[in-house]
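Just below sit the structures, each encoded as structure tokens.
Two complexes come next, and they have one chain in common, chain A, joined by chain B in the first and chain C in the second.
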Partner chain A sequence: MSDAAPSDRSLQILNTVLLVLAGCVVMVPTLWMVASSFKQSFEVTAYPPTIIFTPTLDNYVALSETTPFLHYAFNSMIVTMASTALGLILGAPAAFVASWTRITWPAIVTLVARMAPGTLFLLPWYVMFRQVDMIGSYWSLILTHAVITMPIVIWVLIPFFDNIPRSVYEAAQVDGCSPARVFWRIALPLVTAGLAVSAILAFVFSWNYFLFALVLSNSDTKTLIAASFNFIGEGSTNWGALMAAATLIALPPLILAVIVQRWLISGLTLGAVKG
Partner chain B sequence: MASISMRSLVKTYGDFTVIPGLDLEIADHEFVVLVGPSGCGKSTLLRVLAGLERINGGDLYIGDDRVNDVPAARRDIAMVFQDYALYPHMTVRQNMAFALEMRGMDKAEIETRVKRAAGLLHIEDFLDRRPKALSGGQRQRVAMGRAIVRDPRVFLFDEPLSNLDAKLRAQVRAEIKALSQQLRTTMVFVTHDQVEAMTMADRIVIMKSGIIQQVGSPEDVYERPANLFVAGFIGSPAMNVLPVTVAGDRLVLSNARSVQIASLGSKRPAALIEGATVDLGIRPEHFEVAPDDPNAIAVTVDLVEPLGSDTLIHFKLAEINAIARVSPDLRPKPGDSLSLSPVPGKIHLFERETGEVIR
Partner chain C sequence: MTTASNPRSASGAISPRLQLASLSAPSVIFTVAMIAFPFGYTIWLSLQTFTATGMTRFAGADNYVRMISDEQFWNGLTITFYLYFLSLVLQLVFGTVLALLMFRAKKLPGIVRSLFISPFMMPPVVAGMMWLVILDPSLGAANYILTSFGLPPSNWLASPAFVVPTLALIDTWQWSPYVALIVLGGLQALPPSVYEAAEIDGASGWQVLWRITLPLLLPTLATATILRSVDLLRFFDLIYITTQGGPANASTTLNIYGFRMGFEFFQLGYASSLMVTLSIIVLGAVIVLNRVRNAVAW
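Coming up: the complex of A and B.
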């Protein structure tokens, strides 16, 4: 028998119902995608949809035979990792300065840039990169994806830096640290959890970003997400292969999303001050 | 080790002036306590000394160096923060060694200094622990160790005892005092606790609204307060302040002229003219029970607070609340009558308008 009061119990029930609903909204399309990738082509678009089916790896075989999947995966990895690293290198000091000086408007500018539709930047970038003959290079993708990763890093890290007691920074200054050293020796080691979270989020957003890769890459530098567009034809679409590609593309972010849970709980600043 | 000189020092935040122009000289090896109520500017002054705040006017010297524009990192001062501000990702040893590493000191020398300071503060057993594994008192010692190990020109303490419980506070207070005598380094200590100020300082600086009210030895500020603010701030319970009128060589309560509260005796200040109204200050401990004195004031006891070492008697003098500290042997009850008279030579007179002492 539960000790909870009736109002607590109804709240718990409401909680559970909402969680199940939210879970359905998130999980049904994902499960649909995974299930479709193991179906025959005609079953993918069958109506009513087939729930019970004989799983097949045909779509995965077709994917590996018809597209240089590993090459695209390599491209995605290069672009994503480099743009994440660039986002961290530029974003972490920026977040530290925004937190230290309590001047957040530059960070807001980066957020606005992140929130603006990508198409806004696409044409100027295309013109710029064409003029310097960088269309189709990894760098054009890495630099444009940094516009996605850097604001994420900044906005994830600002509260982590804010959380460090100011007196710890001041103690470091009194101990002989320049602001750069305060950042490197004191602040950065104290936000490792934030760095991990921001890196993983930046990775996921860059990995999944479609538009810039579609326009700025070529067949050699195309990323997985842009390459998956190949399965959508004007006359017919290979839904099974597309679902297989989508499933494989979704795997790294999904794995990282599971890992991020472990990092979210940050107790590193415990003991810095009284208490 | 160095002296400190503040000359017409001004600190503002936008339009708000925290320190409007302060002059203070602190001698080499001196232990000075800045004391005052919250918002009086004492912590701001300490942060200015540390280089954590820029000054907006005047000059600041540490030793012979004008340090107005010298950053904290290059002032060679050590500071113990109110919340200790230990580096949570470092062990105690690393916390203490950090400042020395920043100065590029030899590793063997760092180890020697850390061990020496740890021995001095009895924290040798915690050297490999992180701050979160320490109690409040232990963290406080580590914070002091981090300062000591540097052998700085000046030590700054920003209310370092305020997070400790009463027993530990008294213990650490004594330890800091002993340490100051051992290290012979210039120390500036900020507190709002007048007991800390009185027990530790060579000199006390009492501040209000960014202005120094009095600078003097603990005895000075207690025995000879410069104004009503100092008189009320130093001493616990606070000094009793009663409006009195000068009538011949007597002081009578302004609102009850039949009550003579004290006699001026032969040392009547020249500034006191007949009929003038002034504030009379009497510390609770400067009342004595005088049943046989015909001039004693008869009071009715309102409240009795036995403290063990002595007893506080609350009473009213013509509707003004007052307190007397008497021997613990005396155990009156509320409603009892008591004859009290001020200890001769222990009364203080202040101007009504300015609050300045009349001497």
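Coming up: the complex of A and C.
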């Protein structure tokens, strides 16, 4: 701000040093995981640990040969994409209505799903799905994951709809546009950025969600996250493959998160914090 | 609401009000079927006992009476709050420090932000897999680093005494950057005029921090506390993937205990009463903390 006095400069240097140090603490474990996934099996468990090594894809090959990794990945994709789509279909009109009428209590009810422990819902769902013989089906996973995605879509989209000037709606109404037409023809095309952000956040959260698939999937429909136990079981003999699995599972959410990072915090806090 | 009762369109086939209702109908139906009804169903289940034939019988408060005299319940409650307070304090402190460092940096490359979001955007399950390997008592890198500094190695997650602090540390690693980004948003929203006034008054850096910046940040910190409390009181994924509540129940939080009661022992009635209790704790914490936030708002 003012002329840099010597003490100001050294403070600034100290600040940078501490920030770099913090960055290392944040990044080193993740880098270690990625590095381990490219090590040969004898090197992964080497003690003392090695830092310099010749990278190999052996672990990734082993992973695809010894476990149905690709099948689990396929399941994860189906459940995640379908629950994201369902969340958008249900959530986008709800967000529009909440923004239009300023009636937010239905949206607040969905927050219960964000606050209550997942097991609270899992117990009755388990009884319900067992009665209709849906346990282990993709549908049971898609419907339950939509409970995660829909509130995200609603709360991310409400501020985007709020940003559309009221006069736009009013002009459309004077022209004889019904609310449904206003939503489809005018409001929705104006919030495409919001739709993209909410879809990506919903995708990440559905992808990362562990508990529901842990109970409601079977060996055929198991998602990657729920299959982590299998990888840990296998991994007790092969850390390299375990780290390869971990790296691959973490990749989609990390890439998507970087894309939406501008909206990440307001999205993650469901609007409680402006990004 | 005035727009919804527009007289022109009221003469149309479907009133605007009805159209708005029909737009939100799918989400309302879904919310009732998948969130509200199951919520009520769990409360009902918590008042039932299951007979040997799989039928339910009304049991009144039996499950709750059992809970109060269940040592494992109190153990779970203690561990839940121990893990909660330890993790919360650690990540609020580290998060705030990190935010101040980021705020004071002259220029912050965009890549730094990207790096800092990576821990909390990776699935907690992946974080668990990763730390299992790093914290392995015999071959893990963490113990190698400790011993090379002449410090004694730790059993980390395998030690009943250290498992909760270790889980708190992993969660702190994962979520401090999240707290930091929330606090950074709060810092950037502070009016620059307060700093200028303080500078004119000749306040030192520490005085500005303690007397001005932190008090003004209290609402932001309260928000971060609420958001983290909701997750920390329900702490599940990381524990289940790394220890399943062990060793010797030392990391069996209320959530883990309820899950195991329900899906390992299939005592659905008792598990429901545990989950209803935990939900009341979480909702109660949110209500209390929200009052605190309103009290410190400016």
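FYI, the second predicted complex is superposed on the first by the 216 of 275 C-alpha atoms of A that agree within 3 Å, B and C clash if a C-alpha of one lies under 4 Å from a C-alpha of the other, contacts with A are read in each partner's own complex, and residues count from 1 in each chain.
The working rule: a residue touches a chain if its C-beta (ideal position, glycine included) is under 8 Å from a C-beta of that chain, and two chains touch if they have at least 3 such contacts.
Everything numeric here is computed off the predicted structure, so don't read it as measured data.
**Q** With both complexes superposed on chain A, which partner does A:A202 reach: first (chain B), second (chain C), both or neither?
**A** Neither partner.
**Q** Looking at A:W125, would you say it contacts chain B, chain C, both, or neither? Reply first, second, both or neither.
**A** second
**Q** Looking at chain A, does chain C or chain B touch more of its residues?
**A** Comparing chain B with chain C, the partner touching more chain A residues is C.
**Q** When the two structures are overlaid on chain A, which partner does A:V168 contact: first (chain B), second (chain C), both, or neither?
**A** first
**Q** For A:S178, select first, second, both or neither according to whether it touches chain B, chain C, the two together, or no partner.
**A** both
**Q** After lining up the shared chain so the two structures overlap, which partner does A:L190 touch, if you call chain B first and chain C second: first, second, both or neither?
**A** Only chain B is touched by A:L190; chain C is not.
**Q** One more residue to check, A:L141. First (chain B), second (chain C), both or neither?
**A** neither
**Q** Shared contact residues on chain A, chain B side and chain C side combined as an intersection?
**A** Residues common to the chain A contacts of chain C and of chain B are 170, 173-174, 176, 178, 268-269, 272-275, listed in rising order.
**Q** Which residues of chain A touch chain C once you look at their complex with the stated criterion?
**A** 11-12, 15-16, 18-19, 22-23, 25-27, 29-30, 32-33, 36, 45, 47-49, 89-91, 93-94, 96-98, 100-102, 106, 109-110, 112-128, 143-144, 146-147, 150, 154, 169-170, 173-174, 176, 178-180, 183, 204, 207-208, 210-211, 214-215, 225, 228-229, 231-232, 235, 239, 242-243, 245-246, 249-250, 253-254, 257-258, 261, 264-265, 268-269, 272-275
**Q** What does chain C use to touch chain A in their complex?
**A** Touch list, chain C to chain A: 1, 3-4, 6, 8-9, 12, 14, 16, 19-24, 26-28, 30-31, 34-39, 41-42, 45, 98, 101-102, 104-106, 112-119, 121-126, 128-134, 138-139, 141, 144, 148, 173, 177-178, 181-182, 185-186, 189, 205, 220, 223, 226-227, 230, 234, 236-237, 240-241, 255, 258-259, 262-263, 268, 271-272, 275-276, 278-279, 282-283, 286.
**Q** Show me the residue ranges of chain A that touch chain B in the complex, using the header's touch definition.
**A** Against chain B, the touching part of chain A is residues 165, 167-168, 170-178, 181, 185-186, 189-190, 268-275.
**Q** Tell me, which parts of chain B touch chain A in their complex?
**A** 50-52, 71-75, 77-79, 81-89, 98-99, 102-103, 130-134, 136, 139, 146, 150, 163
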